[in-house]
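You will see two complexes here that share chain A, one where it goes with chain B and one where it goes with chain C.
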Partner chain A sequence: MSTKTYKKSENQIAGELSDKMTIYQDCMNTFNELPVNAKRCRILISRLLRLLANGETFPESEATALFFSVSKLFQHQDDSLRQMVYLAIKELSSISDDVLMATSSIMKDIQNGSNLVKPNAIRSLTYVLDESTAFSAERLLKSAVVNKHPAVSSAALCTSYHLLPISETTIKRFSNEAQEAIVDLKQFPHSSMDNSEFYPNSTFISQYHALGLVYQLKKNDKMSLLKLVRQFAEANTLKNQLAKVQLVKLVNDLIHRDPQLFTQFQSLLDNWLTNKYESVQLETAKLITSFSINNSHLVSQELYISAINTLRSLLTVPRVTTRFAALRVLNRISINNPEKIMVCNPELESLINDSNRNISTYAITTLLKTGNAKNISSLVSTITKFIHEVSDDFKIIIIDAVRTLSLNFPQEWKSIVKFLIDVLKNGEGGLKFKNSIIEAIIDIVSFIPQSKELVLDNLCDFIEDCEYNEILVRVLHLLGKEGPFTSKPSLYVRHIYNRVVLENSIIRSAAVISLSKFALTKNDPTLKDSIVSLLRRIANDQDDEVRDRATIALELINASENKHSLVAEQLIQSKYYYDLNSLENKLTNYMSANDDSFKTPFDVSSIRKFTEDEVKAMKLKKKQQQAVGNNVENTKDAVVPGTKQTDNRIDNDTYQGANLQEHQEDLLETKYADELLSIEQFKEFGNLINSSKPIPLTEPEAEFVVHAVKHLFKDHVVFQFNVSNTLTNVVLDKVTVACSSEGDNQLEELFTLPIDRLLPNTEAACYVAYKKDEAFAMEGFINILHFTTRELDPETNEPFENDEGFDDEYEIDPIYLTAGDYVKSSFTGNFENTFAELPSEDVAVYNIKEDLSLQEITDKLILNTSCLPVSNTQFAPNDTNSHTLKLFGKSVFNGSKVALVVKMIKSSKGIALKAQGRGEDATLCADLVNNLM
Partner chain B sequence: MSGLSLYSVQSILILDSQGNRIYAKYYQPPPNVLGHNQHAAFTSFRENELFSSLKKQEDFEKRLIKKTHKQDSEVMLFENKLVFYREYIDLTIYLIGDPNENEIILQTSFNALKNSLELILNNGIDKKNVQENYDMVLLTIDEIVDNGIILETDSQTIASRVSKPPTNDNQLPLDFDKGLLGAWGFAKSKLQERLQQGL
Partner chain C sequence: MGNYFSSMFDRLWGTNKELRILILGLDGAGKTTILYRLQIGEVVTTKPTIGFNVETLTYKNLKLNVWDLGGQTSIRPYWRCYYADTAAVIFVVDSTDKDRMATAAKELHMMLSEEELQDSALLVFANKQDQPGALSASEVSKELNLVDLKDRSWSIVASSAIKGEGITEGLDWLIDVIKEEQL
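Showing the complex of A and B:
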């Protein structure tokens, strides 16, 4: 090879890669050359790997050929070439056939290779072995695990770990050796790397690998895991920090399996909080704080406080990652227990100006959550300075945090509104950012009525100079909705009409709708004439949509002259909102059915309507759950949001997932209601008034899984039992549920609709209908599932002809019709006033002996009463022994209001509750108060 | 729960300043040892989804470089992953891990990556150097993370396990006699010099 061509090939690697085929050809030629040119081969392999790293791939035949040629290079003894060969084998094994042929060469290296290539050889085993050949490596791996050289031992442990899913039995055979490897502190031999300029330090990381492997082998054996923790926790046998963190995680695993174990680990955890490694401190603090979300009664106050203190000290270290990690944990705590981390506020405040924007944003959002009535205004002024300096993403996060803050501290609305208006007018930012501000403002207007006028005035100013159509339209809508009910509606009319004069057709149309709403203003009857004349002028607009809308509006306003006609009021200032899911569903059905080319008009009366307060209540409830939702992911069968908490910690970014689930829950509800109403027998009951959420009546893993839904009609109650058959070869015929009343018979059973046949792996509904005499009948029912089982013929998938089947029954949990079923959540802006105004009052006292935390009681109360927790009382503080919960709801029948104030005091004997209820309907109020638990 | 699985690193990337790949590796651990709780299995299923095709990977890399270019924050949460990065003159090195993993552990591993590359690449970390010594870079990364498991965290140890390329094209037989004699002669003359100076 001349110097020239040699140089050329040398340069190629630096710049652009040559194309795939050239490299392939080069590799094939050079690898098969004899004698082997080690240097050139190593260059070519690295070039090939660069190609693969760039995402190129080879067809199977070519990859196999390459693999074959590469494995020929084993003939050459040079270790530095060999290391590259192993890399190539690892990469190529996934795309080529016959990888087994390299096994014998690899095994030879494991036995006789130098200490340099041995680990590489061992680690490549993962890629060439499969289920049938894994056993052949058993002896080699076993001796490598106990090898004194740390790199060899680590390689063998990792390989065993990778091989677990392929052949667990093989790996299990040397679990003793793996366990020894945890204790064995392997040092690098002094003369090991003669040929290298670097001197290895012994980090004992093979302890980490060994511990990880041993855990996987014993993960089903709680006792031996406990032994493992005891063995390594006390004595100072674990030197590696990764291994120590792994041990903390092991404790975490154990206490999540059995929370009672926590007490015996307390002192150990306390020690770990002051461990010399920050990673161990962090992991321990994570463990304690996340464990206490569900098991606060098991975690002692002192331990929790020292966990917080550890985090607090981590906030001040110079290392970015440590601060970041500690902040993440604190941020997570702030969602549920902001009061616990108030001690960290000074540190958090100093982090606002951290050079890492992630950290400063986390610090601010955490501070916003820990904020109390006293420091909000100073906080808000701090962010005002800060917000202009960060990117849009961070701005949105901050605005969201401010929004939650405003809902939690409604009394502080003034400074928050000032801040929001300021960033809205002066902040630089894209549509997404501005939209999030508008959303926050809309929330404030709807949940904090006092703020209305100030906000609307400022929004009027803002729309004079706004570049985004979307935002303008939303603001116009808000003005139209809220404006007519303010003290000086004429002011808004002027601003809205300005838009008609100055803006494009999209905004003009929105402005027309908005204007028309002012025509029916009660506060200022003179406005009507002005609006009419304005609309007449608009009716000559050049855009047809604008003209149409103006004409319709004029027509409706004229109709309102007639006092008996409600059309105008219903259409212009609608007080009701349709259940959109159900509406969409029905409309789709209507469109697709098309029986008589749309001669029968679409019937909207069957669709559920909500009043504004109800919609607000639903929104608020969702928002409250959303706040918790960051920590709580509802499990599939969790009907009790907030009580069945899984321990998944999800960061804000993933929240969309849960939202989707919520949406599906909504759809499910609509679906059940639709199914029910389509059944002939139920038509005479009239309109469906309320349905509960599905309640599980069996264990989720039972053979027959049953969920019940309670449907309320005016004089009737229908229980819907959704039965699913999880067996694979049995059908259930004539499935019924026999409900027998527990107490006095307030309800009169009418009929049962059985499921005729329930095929395997399907779900169907069985209904039981009752007539109720009293408005608020309450009763408990013991339920037994009756059915005839018949075996399926696997060939025809029909039951055997001569199989008579035999009758069977299956007991499921009882179902209760409670006062809460007659109530739905509703919103009130000023709970205290509403409460004082309600006429009838009832008081009841409860003593609860069970060992429950205040939060658990609170969750239970919210669920039982189906009321909306207001004034941010849905979170019970963990550090005091008393809490007051405020609940508000309305009767499902006539919308009469009911409000509850529940005071709870926790003592060593249990929890004492004093419930004070007030309502417009005395019976409902009394029923609710007396049936809290 | 921050699972007990050893598979803590999801990906190691080296991208140039336009977001093009210099090196990219997405680790795909075997599916059924992901830890025993369903959630772990669920997220990593989604993770695999996210990185399942070359197109998705490259889109991810483009979004990543947009987010990190000229933003020296070292660590962040990005699309529900922990991302550790360091921007050099014309390239950025990334290490991406599970959001529930101990941040400091991942940082340790990332430091190992940075420091050992600094040791291996004598002339500093830049695009040209990485491409010229691609074999050493590959071996270094291979010694740091083994299919998602953190293998070693000490940069000296890692560097000591990375072999230099073979020096000669053709193996020249070494003349041992000459070499030893030469050394002896050199030592003798040096010793004499010293003795003379001392006297």
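Showing the complex of A and C:
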């Protein structure tokens, strides 16, 4: 019976409250009785502990009363009762502050108690001692650490470990004793009865505890940690499995502090890979593979291969946890270097049928990542067999992996689409699962144009028999959006009209809109006529909504015939997407303004618009960043040694918040733009064309933190400097930024808007405006922050009146206006064709001397050009010395296309780049190609 | 059979009952030393008591639970948690510590005013008589205003826990009073 059901049946018999109160009363009565009834007390304490373990708690006054009555049990010498008393003290210590009253009695037990209660007594010291009383236990703890009995020694070591943050000075004096405890192989006192069936042989667990304590004591001293590793790695003194794992983690910690140390550990690690303990093998393999993500040049090829082989052999062991752990490590590798674990594919494939669902799903997703152009189709057929046997949650994970695969290998779309359509039509599954398939299909259709017709044909089949309204509506929308541009639109029209005849009103409404799109976009008179007659028939529908939509659609079709109204076309077939954040913001302002403003209609033209390709580019970029972000998280997780649990937790927290943060960044951008446009002086510059992301110009911990944003107008450039004052008690008056050009003056400075007063812990923006003559002016600026500091009167929060203040300046990083600022990311389905079609061409060659990896160069190029990396070229493989990056973007002014192919080769001398650019606008193309770095 | 009879006698004379006795007093008065003098008859080295020590000892056929509570200022507030069912209080005074005699008197009278201790007997040890300059028992009694105590059996005994003087005398008196009044 599980604990849950146990608890439930208990609750039914007696209400929760009375249960708790009865136990409380029983405890109070029995514990205070004289003479003490040891057995009864033990039973009562165990009930009390169960109550606390179930999450019940007592108010402080009752907890205190309980503690004091429990403390009275110290008068009884029964060992078993004493052990229970210690457990009760441990639990009550979190609610009651008075546990220090047990200190003397505990210390007496540590000194004179039996070996049975000693460990419990020692462990309870953690809860009763504080900074001021810790020293009084020093002598006792010290002798307990070197006690011959392993249980006593372990207890003392653990207690010291936990007391370290409470009283560092006391515990620091145990260093020698702890070190001694590592080498001392403590046997249980009854070791004379070896092989007795009642007593286990010693596990030497105290070695693990001692090593943990020694590490904590020496963790800031690299040299003595090194010594520690050497001492225990060579001689076979560590018998305990966990202690050995701990030693591996210690090495991990050391090489992350100083990667150069790795070389001297290579042979040691190689040895550990064949250790008799699976956990040691696993930890070592994990260390090697995660270290090599960022330091691949330091890890020898042979070592890496044997690490992979170790993991591979661990995949076939009988123990489930080991298999799972090894798989997890492999999965982590597969994110960055799928090619390196290809050797494990046979084992991974056999794990697909593992009885443990966690393992099988992990195996599948790992396999999907190792997929390459050659084996995708065989992989997909393996999953096809597998997917029908798992639950919906796992199916969704698999579909997501397939979706990423389809974006990475667009050329393999056929088998993927076949798979998706197959599970969509034949697979059992709930709405969420089917929806994730449709999401994947929509992605494929929008990013891989070649797949369009096949997908749409199959979707038409699918909607003939689909039980979910939501999915039907999405498919109808997709058909309406993509269908008119295919070779045989009439086929889709027939399928859509079938829905009108057969389905409910929600789907009928969606179908009407879809049909009207065919009529509006396709200039085929016969098609249009038949759609009009269909719509006329629908206009008699019994549902209001359907009738309304049909009527409107007919009106719009009529209007477009007369060529009067483009509005109609735009309404149904929107080519533009508004920037939703800024739209929402503007609308809120409009609604909350006074009644007068309603006299003028809402002006939608001031809101930024994106074309479809731009939206796609943004979406794709976000997806790519998410993949990379996950990567970084994973490696970070691997870097942190297991001993620092709190750090790990913080990492996780920030990770979960990432999406929110992203959203806030978007909002911030809109906010900056709105602030800028509300300033009178900038109104004459016209519409804001593009804004960069905030660029930090100072260290984040500087006294004044400055971020810059570059705003582009048609003939003007505005630099926005966001200055925040982190000082307390000092205000900054008349804050300006003096920008002096580094080279030829292509820009003419117009004016500067200073910050009048910057209070402590606030942020404000000052602006510098330039007029530019050339369309694509590029220039670097050296920036100096000028301001007058005045001290604040802490009482009034105003500057002292007689304080004149003094002028000061503060140098911040330079800012560059580059070609990338004139480009924004855009999407193209077929890069090669687009590239070939563009008229003007430019070529440039670069030599980079810095020691950068290809991935770092790639990231930098993407950032500098603000183009979208296409065809999955944003990941540079780290096992070869060359890479080709394909970038695509558009001019921010007129939307003229520009495409780049950057070939890079890494050699011992550095990295050579050859950039080939093509574009509709020759100047932009040349500027971009010549200013990559 | 013999056991059977002895337990019958025990019941008859009430020896089976355990008695709770508290040893209280300011810090450094010698409470822990007195406790172990009583239990093992030897002088042990002690540290300031954080919390309490409890020992069970048999004296004149009576089973005594003797609680020695720490005397530091921070621990004194917790004394009252152990007052319930107390047969007698042994209050230990450092006879050489004239400066804190007033504090000791205050703590003593505050303790005795507690409801739960209304029926307990009081034995005061004027301890550390082996030291030069120690006040005599009558002087300590005056400092502590013991004569003011009404409705309570009390006694003051000059003692030296180190030398073992006065301890048994005091305890003898206490046991007699308890037997007479409470059993």
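The definition used in the following text is that the second predicted complex is superposed on the first by the 826 of 933 C-alpha atoms of A that agree within 3 Å, B and C clash if a C-alpha of one lies under 4 Å from a C-alpha of the other, contacts with A are read in each partner's own complex, and residues count from 1 in each chain.
Criterion: a contact is a pair of C-beta atoms (placed from the backbone, for glycine too) under 8 Å apart; a residue touches a chain by one contact, two chains touch by 3 or more.
All values derive from a computational prediction rather than experimental measurement.
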Exercise. Scan A:D253 for contacts with chain B and chain C and give back first, second, both or neither.
Key: first
Exercise. State whether A:S154 touches chain B only (first), chain C only (second), both chains, or neither.
Key: first
Quiz item: Which partner does A:I166 reach: the first (chain B), the second (chain C), both, or neither?
Solution: first
Quiz item: Which of the two, chain B or chain C, is in touch with more residues of chain A?
Solution: B
Quiz item: Taking the superposition as given, does A:I755 touch the first partner, chain B, the second, chain C, both, or neither?
Solution: neither
Self-check item: Which of chain B and chain C A:L34 touches, first, second, both or neither
Solution: second
Practice problem: Quick one: classify A:E283 as touching chain B (first), chain C (second), both or neither. | Solution: first
Practice problem: Could you tell me which stretches of chain A are touched by chain B in one complex and by chain C in the other? | Solution: 35
Practice problem: Flag every residue of chain A that touches chain B in the complex, lowest number first. | Solution: 13-15, 35, 37-40, 42-43, 45-47, 49-50, 53-55, 78-81, 83-84, 87, 90, 116, 119-120, 123, 126, 151, 154-155, 158, 161-162, 164-166, 188, 193, 195-196, 198-203, 205, 208-209, 212-213, 215-216, 219, 241-242, 245-246, 249-250, 252-253, 256, 277-279, 282-283, 286, 319-322, 324-325, 328, 355-359, 633, 646-649, 651, 653-654
Quiz item: Touching chain A in the complex: which residues of chain B?
Solution: 1-6, 21, 23-25, 29-33, 36, 39, 54, 57-58, 71-77, 79-80, 84, 99-100, 102-108, 119, 128, 131-132, 134-135, 138-139, 142, 146-147, 149-154, 156-157, 159-171
Exercise. Sort out for me which residues of chain A touch chain C in the complex.
Key: 32, 34-35, 68, 71-72, 74-75, 77, 98, 100-105, 108, 133, 136
Quiz item: Residues of chain C touching chain A in their complex?
Solution: 17-18, 20, 47, 49-54, 56, 63, 65, 67, 70, 75, 78, 81-82, 84-85
